[in-house]
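Order of writing sets the labels: A, B, C and D. Residues in every chain begin at 1.
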Amino acid sequence: MILITGASSGLGAALAQQYAEAGQDVVITGRNQQRLEAVKATNNKTQAIPADLTSPDSINSLINQLDIAPTTVIHCAGSGYFGQIQDQQPDDIIQLFNNNILSATLLLRELVARYRDQAVSVVVVMSTAALQPKGGESTYCAAKWAVRALVESVRQELKASKSPMKLIAVYPGGMATDFWNIEKDRDTTTFMSADEAAGMLIQALAGTEHGYISDITISRK
Amino acid sequence: MILITGASSGLGAALAQQYAEAGQDVVITGRNQQRLEAVKATNNKTQAIPADLTSPDSINSLINQLDIAPTTVIHCAGSGYFGQIQDQQPDDIIQLFNNNILSATLLLRELVARYRDQAVSVVVVMSTAALQPKGGESTYCAAKWAVRALVESVRQELKASKSPMKLIAVYPGGMATDFWNIEKDRDTTTFMSADEAAGMLIQALAGTEHGYISDITISRK
Amino acid sequence: MILITGASSGLGAALAQQYAEAGQDVVITGRNQQRLEAVKATNNKTQAIPADLTSPDSINSLINQLDIAPTTVIHCAGSGYFGQIQDQQPDDIIQLFNNNILSATLLLRELVARYRDQAVSVVVVMSTAALQPKGGESTYCAAKWAVRALVESVRQELKASKSPMKLIAVYPGGMATDFWNIEKDRDTTTFMSADEAAGMLIQALAGTEHGYISDITISRK
Amino acid sequence: MILITGASSGLGAALAQQYAEAGQDVVITGRNQQRLEAVKATNNKTQAIPADLTSPDSINSLINQLDIAPTTVIHCAGSGYFGQIQDQQPDDIIQLFNNNILSATLLLRELVARYRDQAVSVVVVMSTAALQPKGGESTYCAAKWAVRALVESVRQELKASKSPMKLIAVYPGGMATDFWNIEKDRDTTTFMSADEAAGMLIQALAGTEHGYISDITISRK
């Protein structure tokens, strides 16, 4: 079973669709039940469980509702917020940090607590903003760098304890999803579709007996 | 005038002391008025203004109380929290993120909004944890990487707008301060004292007409 | 047509084999004609052209012998050398730098000079040693970091000139190939085989209309 | 005694001058005896020993001629070469790699072999080009990234063997020295002078009992 967060739109929804079409059992989660149901309705193999990943209790409840341990968790949840630092609003900054840093931290904490003795793959989808600083995206970069540090540090903990759990880091460049609606003037016509990114990611996640692709940057042509 | 945050103990207090002894006007801030007053009492050139850097209003009020614009701001505020990810507590994680990521973001936002047309140096003290991932320190690394991304991104914004404001990044290794009381079993006897780190930092911050040291890692011998 | 360097053994040979089996036209190159012929003999779709990538003339001659421009070049050539810095020998260090840094630089220079107006993908296979420093591997890390800097810098040149050429960076962890014969005491039984790594890489290199995987780290389980 | 390489001009010459004026014993080295003598002539505390750091024998001979072990070695030697990758010439690339990568490697190897049981500080001056990729400077970045990887890897070896030797990494931004003559059209009038950079560096290198500044980036205002 594959658990996908942030699955009500964008890359998460595209992954859910493609995995389900390939016959995989998929559980999708997100905050918006109505949007989750819309994704679920397009195929009948998918289960939808709403959850708020900024709440430890909600995460705990989500995992309790799973019938079996997932073989793969793909964490796509996250949000964007941009602008020169002096133009950003405190409430929006706080929401950005919660939606990206806190959610990834609390989810990863729960998954490690429960599954660190099992060969579970946890795929954390970030952004190329996690790989370098960028003017106009200071708090977004901050949020994504935080998640990258978390992933790379927890990897060391898993390796030191000889855990079979694997963390996979994914850094997609700009996709043409709702995510970018926030910036009205950005031309996204040559961006990858979420479907294209999902297709490449699914191929890249197919590991072998002794190896796997642990870090993937997906770029626009 | 030099404004120092997190000045009620550790590196911040040592910097305040040494700058004041050298005849500099110093304004110190921190959450704990009593501890600020204790630092202030040791010399008479220092002004203490309590503030909570996780609150935009409190930051605004702090800056409003300054008589003149600071030539240098040294942001030392921050806290630590450690342990394997599955052993960390949600409330402590949230406090860690607020004390480190949110405070640095809101302070830097206010300083850029007010002073970006002036030759103000903003020194952001992080940790060597901002420079690589580390097992047992996953959320602390996440917090410090976030601040580093913020600093490096805002630098690009300042440079693009030809602002005379400069951001200086400081990465100290372990010092023998109260910071480490949280970990009872860590031997800090060979750590640098805060006074040693402050002395080195003050020397390194003395720029020249055309240049300055923009990034400084301070290590234990 | 796919041009593969370092194709007489290891990952290069495995890639040549798998691409040829999939019906692709493949040109393989390497310094050792006899070993190239052995790889070529296992299938009949492959052309072998010996070349020394540390020689600009030899690279020029290699490219001149191609009937058509390659759609993809996979640069696997390289060698390893390890040990504490004080125990490494100058001649071996020089050979290491030539085999890794100089060869990648001269090849990339020639490919950009010839093909930068075409949609050629140049895949540069490095090592996870390109991603962090490592005691006991100082000169090897130096060599691989150099190649990474080269790739990331030339990417910026291609992007600035709106070239359709794409550079793809691949960072494999330890594989069970002849490469490691140099270190007799390293246990490679749980390493990926070159065949496993080749299979994962070929899947990851399959791009889409608007996107491609630009950076890939392949790790051992 | 302080040993300074690349001391016949630029930052190396400025450091020699300032240390000698401060009463320090200084040994300067470089390839050009005549230029070394010119630097030496300006003060009488300095000894000049010509050496070619791309030759292991020459390095060996240099160290043999020292009366005592240096307390600090400052490696400033290096050269620059720039341009789009397709416009760079193979011979110039080879010279660039030798002058930067090979010289630093062979010198560091010799210093570690001889002095790793002593509290010698080895200061390796690189460039901000060691810290990020840059179009138009691909091979220069490659050379500087290689040296950074070397320094950071050898640090791990020294730490693992509890060596008292310390490696200090210095990343200066553009200075107004002969180095830039190669690029006729670059305006260097607002660059730091070598004297300014030397002054800041000397202050930053003054360590304390338990700490030292291990990494320093010097930037233009």
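Basically, a residue touches a chain if its C-beta (ideal position, glycine included) is under 8 Å from a C-beta of that chain, and two chains touch if they have at least 3 such contacts.
Everything numeric in this text was worked out from a predicted model, so none of it was measured.
Trainee: How would you label the chain B and chain D contact, same or different, if same means the shared numbers make up over half of all numbers there?
Mentor: Mostly same residues: over half of the interface numbers shared.
Trainee: Work out the mean Cα position per chain and let me know which chain is farthest from chain C.
Mentor: Looking at centroid distances, B is the chain farthest away.
Trainee: Distance-wise, how many Å sit between the C-alpha centres of chain B and chain D, to the nearest whole number?
Mentor: Between these chains, centre-to-centre, one finds 31 Å.
Trainee: Could you please state the distance in Å, as a whole number, between where the Cα atoms of chain B are centred and where those of chain C are centred?
Mentor: Whole-Å distance between the two chain centres: 44.
Trainee: Quick one: which residues in chain B touch 2 or more of the other chains?
Mentor: Correct list: empty.
Trainee: Mind giving me all the chain pairs that touch?
Mentor: A-B, A-C, B-D, C-D
Trainee: Which residues of chain D touch chain B in their complex?
Mentor: Against chain B, chain D makes touches at 166, 171, 173, 190-193, 196-197, 199-200, 203-204, 206-221.
Trainee: For chain D, which residues are in contact with chain C within the complex?
Mentor: Going through chain D, the ones touching chain C are 56, 84-86, 88, 90, 93-94, 97, 101-102, 105-106, 108-109, 112-113, 116, 133-139, 141-150, 152-157, 159-160.
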